[in-house]
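So that you can tell them apart, the chains are marked A, B and C in the order they are listed, and the count of residues begins at 1 in each.
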């Protein structure tokens, strides 16, 4: 069963690397830029988690297969952007799987490093979302966490559920499935019904013209 | 007396978290966005300091009260932005206290980790200003360090004074009070008299139209 | 001969610090802003490398001469921007030397910390390019890695050559000279002939109007 987790981990890395390469496509970068942005997006969240925890060197330094995977995914994207771009909906759902897997695996890694429950959940969110955040900062796009659409929230809910179940000594595999499942379900419902939490509305905002228009995830993966 | 320092430390964290939440308000984020940006701004500077020093895991991982404090401050801000926004001047002065406390405590932490004097002063500046820098980068606002108004300079002067006094074996509490006091005084004078250091003027700049208009801190905390 | 390497290392730091100070000039910052941006650009790449490897505290904390050098370079730039700005071509070539030195020394540092070959080459690229990336993010300029002009690629080719030669047990000094030489040559050819790798072209791009216009390095160092 740990093979399944390992495969899901690789799957999440690949999905995130593809989203980085697609950002490189929007910026009309060359092939080296695709690879660099794919690598940074694929391993960025896990790297920040490892840095904060002091698990050094970071995970991919002794496991170069992660870098190789990101580079391959980026190169494949470079030669097939039109094909991928016509399957945006599919990519959004794949991204939801990556989000779910990393939120739980990131929290698990933090618990294994003796982090308190709430910190572990936070580091799960960091693992799942900071790769994309770094991608957006480098490409000068509006960061995902500014999205009104539910994204960070899904990772937070799943990671909190996972650490809570572990605290109540629920079986590890059950807790993992529940955490992943809930993250995926919340994110999936947001995708299907375009759900969002109520955003802050300033008293001065006029009706219908409140603040900057948020970027939707659909724009991010095209 | 170390209780006073601990309380000032918490006070600084809260002030910075509120400034992060106010940036979230400007970006019209949802409540999770408020919390995430409040946390990142509140603990960002100290986290970068700990990373560079190798004091890992970073300070808040084993002391989750810091995260809880940032989240609470962000949520309170979420429901009370208009009230806070009408007390901008007060927040600017509170921010000056946070700047003073973190510049000195950051330098002290670095000295305790055996950093050389000049490095300790620099890490004090990092502790005091990098949380806000990360906030501005995520929100795509002009970073504070681009402000012409004296801000980084106040932290630098106070941190340098503190490490110098420690080097000359002045009593620790006296050094701390002097460092905090000078940072707060310099920043306060800048607030009252809108002081700034002379900025670089390119020979090609026309009179009165020199380069990009800097953002003032008043814009940052509203 | 290790003296030559040390001098080249200092030379690279100074060149990168100057490029940071010139970015501060474009943003019309004050003298403290020049120093801060010079420091961040000069030591940023090596700091990220050390963080990822877990070589903590980072290199400049116990060797404050690096910080002093960056500050001095920034202050000299502050009072002599017009002179430097009239020697842009020279600075571009100096930057190419810095790129070559850091790509190889960064890879060497990673090999000494037992990183696998491909990871060592990647960390060489990080050492050589991430200081400039952080500079661009802080100053809100288009990051260098978005440049179509060959830049990251030159560092990558040289770092890969260096680690390959070390793997085949070539003499350390020969490998270093070859890695530096190839990086410098590739970057130099790109400078002389304005070479670039083919960038991604979206099918929807019109002829002659493909995507955002990339920033050239000439804009970065003026």
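One rule holds in what follows: a residue touches a chain if its C-beta (ideal position, glycine included) is under 8 Å from a C-beta of that chain, and two chains touch if they have at least 3 such contacts.
What you see is a predicted model, and the numbers here were worked out from it, not measured in a lab.
Q: Rounded to the nearest 5 degrees, how far is subunit A rotated relative to subunit B when their C-alpha atoms are superposed?
A: Here the rotation carrying subunit A onto subunit B measures out at 120 degrees.
Q: Residue numbers at the subunit B-subunit C interface: does the shared fraction exceed half, giving same, or fall under half, giving different?
A: different
Q: Counting in whole Å, what is the centre-to-centre distance of subunit B and subunit C, each centre being its mean C-alpha position?
A: Result: the chain centres lie 29 Å from each other.
Q: Among the residues of subunit A, which ones contact at least 2 other chains?
A: 51, 56, 137, 140
Q: Which bits of subunit C are touching subunit A when the two form their complex?
A: By the definition above, subunit C touches subunit A via 51-54, 56, 113, 115-116, 118-119, 122, 125, 133, 137, 140, 142-143, 145-146, 148, 152-153, 156, 196-203, 205, 210-212, 214.
Q: Show me the residue ranges of subunit C that touch subunit B in the complex, using the header's touch definition.
A: Residues 24-34, 36-37, 39, 47, 51, 56-58, 60-62, 64, 67-68, 78, 81-82, 137-140 of subunit C touch subunit B in their complex.
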